[in-house]
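Shared between the two complexes below is chain A, which pairs with chain B and chain C, respectively.
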Partner chain A sequence: MTALAQFRRDTDYTETKISLVAPFVDERLRVKTMNVTVENLVKAFGLVPALHGVSLEIASGELIALVGPSGSGKTTLLRLIAGLDFPNSGRVLFGNDDASAKSVQDRNVGFVFQNYALFRHMSVFENIAFGLRVRDSGRRPSEAAIAERVMTLLELVQLNGLEKRFPGQLSGGQRQRVAFARALAIEPGVLLLDEPFGALDAKVRKELRRWLREIHDRTGHTTVFVTHDQEEALELADRVVVMSQGRIEQVGTADDIFDNPATPFVFDFIGDSSALPVVIDKGSVSLDDRILSIDANGHADGPATLFFRPNHVHLAGQESGAIVGTVRGSRRRGDIRRLELEVGLARRLCEIDLPADAEVPKTGRIAVKPAKWRLFPRTA
Partner chain B sequence: MSDPALAAPRTWRSPTAEIRPVRALLIGIAAVFIGVFLVFPLVAVFIEALRNGVGAYFGALGDADTQHAIWLTLMVAAIAVPANLVFGIAAAWAISKYEFRGKAFLITLIDLPFSVSPVIAGLIYVIMFGSHGYFGPWLNDHNIQIIFAVPGIVLATIFVTFPFVARELIPLMDEQGTQEEEAAISLGASGWQTFRRVTLPNVKWALMYGVLLCNARAMGEFGAVAVVSGHIRGLTNTMPLHIEILYNDYQWVAAFTVASLLALLALVTLVVKSALEWRFGHELTGGPR
Partner chain C sequence: MTTLAITPMARPWRQPSVIPGFGLTFGFAMVYLSLIVLIPIALLILRTTQLSWQEYWAIATSERVVAALRLSFGAAVIAAAVNTVFGTIIAWILVRYEFPGKRLLDAIVDLPFALPTAVAGITLTAIFAKNGWVGQFLEPLGIKVAYSALGVVIALIFIGLPFVVRTLQPVILELERETEEAAATLGASRPQTIFRIVLPTLVPAMLTGFVLALARGVGEYGSVVFIAGNLPYRTEIAPLLIVIRLTEFDYNGATAIATIMLAIAFVMFLTINLIQAWARRRFGYV
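Our next item is the complex of A and B:
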């Protein structure tokens, strides 16, 4: 038998099923957590700016998500908190201690890397035990204590029985959980996760998401995770930090972020939305000189962008003040039909959701009115 | 048997395969080439060495000058290989784990010994340390002899075998990246612990591979060593130099006897190298994490 065939035979890639148990606080794993304060962090890589003065308060025991498109600085912020990179200016405080001057080793953070970064030549057991074994002799637990802790953690991440496996013999989801257990082994004050589910397929992701929430509730770690998946961020986190181009756009709960987007970027990035260029003049909002039946809500006169969500739109009759457009595309999505509407002289495309049985006239011209909307001033 | 996939016509040839006669011709040419240029000369070495029987073979090995040449070769390798081991790890570590100015230039420099003729490598040390060289008078005053002595041979050997370990490690360590090291330090490991427990185990087979090739070259080096050694029998002759002297003295059996030892070293190196590649191939080039 060739070495490769032997390797394949020894390797079982089937995912162990993750069972979800009712959350309870596990005293063996409970740690003293701390709040984290980020003050005015500025970071540039060479001449390329990555963060422009970011400040953030993270409460003790909170589960917080950093979400944003790639290049928004979310991973940079996470690495600065961990001490894997150092800021050009600004501070990171753990509790009331200034951690800025501390090395990674002394910050006592649990960091889970995007590609897990498991030690490939060590068994699962040794991977998890690593952080305990490298302590200096005064603080190093006994061999028996190490074994007990590793087994407790294996139980927590539901990988009991796999402690002798090597990383190469595990599925993606299993590796992810080993990386998680390894980070928890050192009893970190803060847990930092970089795209924890980024490399997994959709089904495993969903399962691990609920599992992470449950672990968080059981261990109570202050946890910060980075994701580009807004659904993941909104579903999992207590609070979401939306970032763009090295700045924080908004910090809030899922409700805040979704219902009250602070900036055009947040409205655009979170959830589906359509944007139309409008002009506000003496309290009335007009699109291509047609006055819309939309309240300017005290916005100043001048060019503005009208944002609304596809599902906040209903068909309008013949009354004036509606948004009129030509249907360019139509897709069935569950109970609704999503139409692509070409609107105005600029032929801007909007997405709107209508009931699946709504009738669209043969001409393809329809009029709609948004029930909820937001206006943001537009700098031309 | 009704599965259409199984009933596919068998005469189909893979798009990248050649027709049978072309294949036979290509394989034939390769086989003849290897036979004439590699296998036959190798066999000839052993035939010539054993021409006068096993007794003469071991008799030639018992000669004092021959034994000294073997001893000197082993000693030079024992100094040059560890030196390049340390250098190779340090260079590969610096190049693959850090970003700095002049990195590309350093990589080119490491390759230099591969592109420089070994004779030149020997000559530069003569120019530096020879009695008429830059440091010659100063070395003379302090009674230090480098050229035509063992230190010169060691220096020339280190120069020639410089790239082997580093060359083997750089691509692998580059591929492995720094994430495991970052993971280790985030778990509280010191720099040395990270190196010893994470970096080194990850490259150990590539390291052995590099050491093996380095050793083979260190023991077999002729050109550079010939320039700096001075060919003093029983003092500064390594095995390759000794073979040449014996050959020029018409001592065919003795020459081929020593040559057979080097050939044997080559064969052992080849076997161990193949075994490493077969067993740890995926770890030599970076495997799953």
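Our next item is the complex of A and C:
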């Protein structure tokens, strides 16, 4: 091979294709998993509160997602579980062991950082072997055992043949997979991933997402991952933890979170939704003094917010009790047409989805009715 | 067909660029470099050619010259090595920790840059002399600093320190915290993280700091002549020997020593540059 060809080969940054095979349990990689309990974690950075007493039960072998906007405390929670930060109060239990007193070195967690945090001066092989090499002589595997484990992991992350490369010679997706293999090398009890696909482009992201699910099924690690991408969380995780402003809003499966949002925040954050300020008076719901044909469902009298999703709305005829608004915009999205309606005196914008062939005036007023909705009491 | 192929190759370095001004800045740089660096050095070498090879070789291998060169380069290497270790530690605490008086310490690091070297030399001599503040405690231990080779090393440590600290500070600042955290989650103790992760990433910058401190040390004159005692064959540095030759109107002798220094320094720096270029190719960063 000429020097130039060698150089091209070594600096080939194109993504290697990840092939997906049917999940099977890989006994070489199977580990003893454990459940994780978070009890009343409180954390403040200086005077800025980051977590207000968060509690969470994570089952053994579960794949769980922490999702929320920036500053919701999801990364803080992950770092507290790892032992990279210390809580002001509260405990973290691994199995039945209180991990609070253990240092990060002794917790045996696999942590994957958003920016990969690979060791740039080490080859891919040495990066993955690092966690085994730093063990004290009694627990350190033999050179042959280390090599075997690294090769098994390289196979798992489908980077065979790249072990001599340096991180600078890899693409983003490849670096992410090296970081993953490095974290798995120490046979962690818990795997913690901080925005694992945050820095990758959409296509690679989607591929790696499926790949992560597959790896999880094969190795069975208790896995917690942080993401701001709700689609990623809902698609990948067994359960989703929705966080906001240092508190857990709701914990549940994708179905729970979508169909039964516990709080206005969850309804607003997960999926598309519209919100209208309404008033409940003696069991009837009214918008700007017009009574809507919506059941108050036993909600107490007083101001409330009406939430509904764009796809749960249909056109109403001339009957009373509909939501009336002015069409402000109309966009075609696949099989549906999404309209923007300006509703009420407050001129709130609502989004509604109608079939693409529905007869809708480009402008002017139309009446709609939500088929499903939620009411949340409004304070102040 | 051949002409078609050759036309774009005629000036391969002239690529169309969104950053214009190459011609202007390159021309300016060359004129400037010629006036300030290349012409003086060329004259120096030209002057040496007035000597025959036998004469040149006789000067180069004379006992006094060899001793002076050995002291100059030896002391500079030792001082640069010491500075590399302590300068790295000082840069580390200045970047990583908050403590009272941090800004003051940061400013003190620059003092050797600003202080006239003669003042530094006289001060160090006063402190390390037999009856000086520090010297009086070292004297009973049999350690003689002032008027010895050790004094030369100490003077060179003093003047070389800021080069290492100022080279390393921005590099330490750029270190990713996550890399150290990753090492910790993988079970590495703090010393393991420092020696296996942090220091290897700092080596290229430490090498640069070493080169700068070394270059400064080899050429240093002002502070050393006060503390060294300047005994021929023992504590006389090469730059001083050049000055002595000049005062004796032995211009050829002075230029001969100068060109030898130049050649040794050039080879040393070229070697270190090549090591750095190799590291950059291998790891993709400096």
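Criterion: the second predicted complex is superposed on the first by the 367 of 380 C-alpha atoms of A that agree within 3 Å, B and C clash if a C-alpha of one lies under 4 Å from a C-alpha of the other, contacts with A are read in each partner's own complex, and residues count from 1 in each chain.
Basically, a contact is a pair of C-beta atoms (placed from the backbone, for glycine too) under 8 Å apart; a residue touches a chain by one contact, two chains touch by 3 or more.
In this text the structure is predicted, and so the values were computed from the model without any measurement.
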| item | value |
| --- | --- |
| Clash or fit (per the criteria above) of chain B with chain C on chain A | clash |
| First, second, both or neither for A:137, with chain B first and chain C second | neither |
| Chain B versus chain C as contact partner of A:379, first or second or both or neither | neither |
| Contacts of A:186 with chain B and chain C, given as first, second, both or neither | both |
| Touching partner for A:105 - first (chain B), second (chain C), both, neither | both |
| Partner chain(s) touched by A:96 [first = chain B, second = chain C, both, neither] | neither |
| Contact residues of chain A, present in both the chain B and the chain C interface | 82, 84, 104-105, 108-111, 113, 115, 117-121, 130-131, 134-135, 167-168, 182-183, 185-186 |
| Residues on chain A engaged by chain C in the complex (per definition of touch) | 82-84, 104-111, 113, 115, 117-121, 130-131, 134-135, 166-169, 179, 182-183, 185-186 |
| Residues of chain C touching chain A in the complex | 176, 178-179, 181-189, 192, 196-197, 200-201, 282-285 |
| Touching residues (chain side chain A, partner chain B) in the complex | 3, 82, 84, 103-105, 108-111, 113, 115-122, 130-131, 134-135, 167-168, 175, 182-183, 185-186 |
| Touch list for chain B against partner chain A, complex | 179-180, 182-190, 193, 197-198, 201-202, 278-279, 281, 287-289 |
